[in-house]
Amino acid sequence: MTEVKDTETLALVAEYTDVLQIGARNMYNLSLLERVGKLRKPVLLKRGLSATIEELLMSAEYIASKGNNNIILCERGIRTSEPYTRNTLDLNAVPVIKRLSHLPIVVDPSHGTGAWDLVIPMSQAAVVAGGLLIEVRQDPQAALSDGFQSLRPHKFKLLLNRLRALAPYAQRTVLDERKVSIA
Amino acid sequence: MTEVKDTETLALVAEYTDVLQIGARNMYNLSLLERVGKLRKPVLLKRGLSATIEELLMSAEYIASKGNNNIILCERGIRTSEPYTRNTLDLNAVPVIKRLSHLPIVVDPSHGTGAWDLVIPMSQAAVVAGGLLIEVRQDPQAALSDGFQSLRPHKFKLLLNRLRALAPYAQRTVLDERKVSIA
Amino acid sequence: MTEVKDTETLALVAEYTDVLQIGARNMYNLSLLERVGKLRKPVLLKRGLSATIEELLMSAEYIASKGNNNIILCERGIRTSEPYTRNTLDLNAVPVIKRLSHLPIVVDPSHGTGAWDLVIPMSQAAVVAGGLLIEVRQDPQAALSDGFQSLRPHKFKLLLNRLRALAPYAQRTVLDERKVSIA
Amino acid sequence: MTEVKDTETLALVAEYTDVLQIGARNMYNLSLLERVGKLRKPVLLKRGLSATIEELLMSAEYIASKGNNNIILCERGIRTSEPYTRNTLDLNAVPVIKRLSHLPIVVDPSHGTGAWDLVIPMSQAAVVAGGLLIEVRQDPQAALSDGFQSLRPHKFKLLLNRLRALAPYAQRTVLDERKVSIA
């Protein structure tokens, strides 16, 4: 999965990636949504920084209206007045979206909390309600951005084991880690 | 458990209830916190409508400074710009508080969502991360307030069964429903 | 004007002050509102930290329902996701309240910004739309709280002169500074 | 002034307009900012829906870094928990930006309130603190969007007269209305 930053590099990115990611700051970028809608690649559409649930669904409609229905929605936290965490992960959005739409919804606890040590507990909470998207880095401190919210591989392995135990309860499957691709 | 609304009725309420509840609108009511701190009854302290995690802990300190350490914190959602739900349940707060404080933290998915059909999924998510506080009413439509976010008893029984299955994973115990008192 | 912190000290405070102030953290304190409603003293009611305009008017109704109609509403900023200022002063609330209610509305740019150097420009903006409430301290650095948002007397004199020039435009009167009491 | 929606139509739009407007939903659209930065047209950059003041200044830096310093910043309200108004106009941002940056800042009370009858009082407040950007429509009810927050021409003329009286106080000039172009 690779993030698409603009319409100009879209064709190039689409050639080399399996899933196109529309980042939170591009959720309202209608020309990009339109272009992605004309492709036949799966799209992960992240909720905007203060976008409402309704607006997220409208952006998905914008993609779908061009013919591409292969859309995964992503809750990644919204801006609130709570200063302790980078964003407030809105897990309410998961059951709400499951009721309003047939599209799958995953949760990004990395951006949704902004802190690596909150990723594991919030992943557990999210997997009970929906899917998961987690940032893993070999060397978080060397990351150009978002290092502080990334898990190292050994912590990710620990989390996968926990989720594997929890998954049957939530009628879910956790993939073998070798099948997990790291962006 | 009964909500204490002011210092004047506190003595009367304390005489007849096991747990004193300080509602969200009273989290900053310092005279009430002080009075409750002088009693030896367990206190459930709810997070204010837009209170920060730090302020919730400060209010608890205010009670504890008067000698009463028997305090349970309660995340019940904060006000955000998301209009679909009454409040945004901030489950991030659960692992944050577990790190910052030794006090137990429970979650109120009824106020935290404002909709009965979100109570079950958010209860599941909350129990993985912390405790639970749920509104149950025989006849929600007859409730003077908050009826729309209450579970009927048969839904509550269903939820208890689900939580009982989930609890071992979270190293938790779900009480026998006969031991659950309904406010 | 003196802030009333609780019902217990209300009688004492009321004896020695001309105007009773209900602070933002007490806007939902119904027993205090009820008690103040039974007095015949003017009340300055401040908007809660994230209270809606409608809730501010409801709290005023609570006071008025007990017989005291001598109420001044106060916009003092709300909590938002903007971290630069302590609060976001919501001047929209002034014309909205003027339309919805006959009660006078003043603006507190000290709490509404949290920074003394924003007090003057926001006072100018506020006086065009409504009244003003400003914190003045002889020695802000010695203040137990809120020193950082207080004007020193010479800055306050400067502001009064500016407002005196601006007031006729807004069909308003600025009192002689000797008539201004400093809390 | 015309809004630029994407990089593809930028050249065409730039050929026919005097000022390029970057809307709130495009404030984070880095490829668009970069392209506009390479032109030599004035740019009006609107604050994002929940963008911080710092992020607005960073987006302006992005344009300036490509060589175009002809940038006007625009405060147009942010999303908060207040439901009465469409957005909360953050006039605090005006003196803050005047302190942090040399760039001019104007205020859009149409989007900042979402209601035509709040446009006049908030324009008066804004002109005391900064510039103004107002939506005027011959027939608001026929507008495809934002009609509800637009002034009719006769109301706009009334406002201009009021601002003309207020402007000297704020050391400002109000243009002759014939020089005002209506988008």
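Labels A, B, C and D are assigned to the chains in the order they are written; within every chain, residues are numbered from 1.
Everything that follows uses one rule, which is that a residue touches a chain if its C-beta (ideal position, glycine included) is under 8 Å from a C-beta of that chain, and two chains touch if they have at least 3 such contacts.
Please read these numbers as outputs of a predicted model, since none were measured by experiment.
*Asks:* B-D versus C-D: which interface comes out with more C-beta contact pairs?
*Replies:* The greater number of contacts lies at C-D.
*Asks:* Any idea if subunit B and subunit C meet via the same residues, over half in common, or different ones?
*Replies:* same
*Asks:* Could you work out which chain's C-alpha centre is the most distant one from the centre of subunit B?
*Replies:* Relative to subunit B, the chain with the farthest C-alpha centre is D.
*Asks:* Let me have the rounded angstrom distance from the C-alpha centre of subunit B over to the C-alpha centre of subunit C, please.
*Replies:* Going by mean C-alpha positions, subunit B sits 32 Å from subunit C.
*Asks:* Distance between subunit B and subunit D based on Cα centroids, please, to the nearest Å.
*Replies:* Averaging C-alpha atoms per chain gives centres 44 Å apart.
*Asks:* Averaging only over C-alpha atoms, locate the centres of subunit C and subunit D and give their separation in whole Å.
*Replies:* Taking the mean C-alpha position of each chain, the two centres sit 30 Å apart.
*Asks:* Residues of subunit A touching 2+ other chains?
*Replies:* Subunit A, residues with two or more chain partners: 50, 79-81, 83.
*Asks:* Can you name the residues of subunit A that touch subunit B in the complex?
*Replies:* It comes out as residues 50, 52-54, 78-85, 88-96, 99, 112-113, 117-118, 121-122, 124-126, 128-129, 165-166, 169-170.
*Asks:* Mind pulling up the subunit D residues that touch subunit A in the complex?
*Replies:* These residues of subunit D touch subunit A: 5-8, 25-26, 28-32, 48-51, 79.
*Asks:* For a test of understanding, state which residues of subunit B touch subunit D in their complex under the given definition.
*Replies:* Spelled out, the residues of subunit B in touch with subunit D are 50, 79-81, 83.
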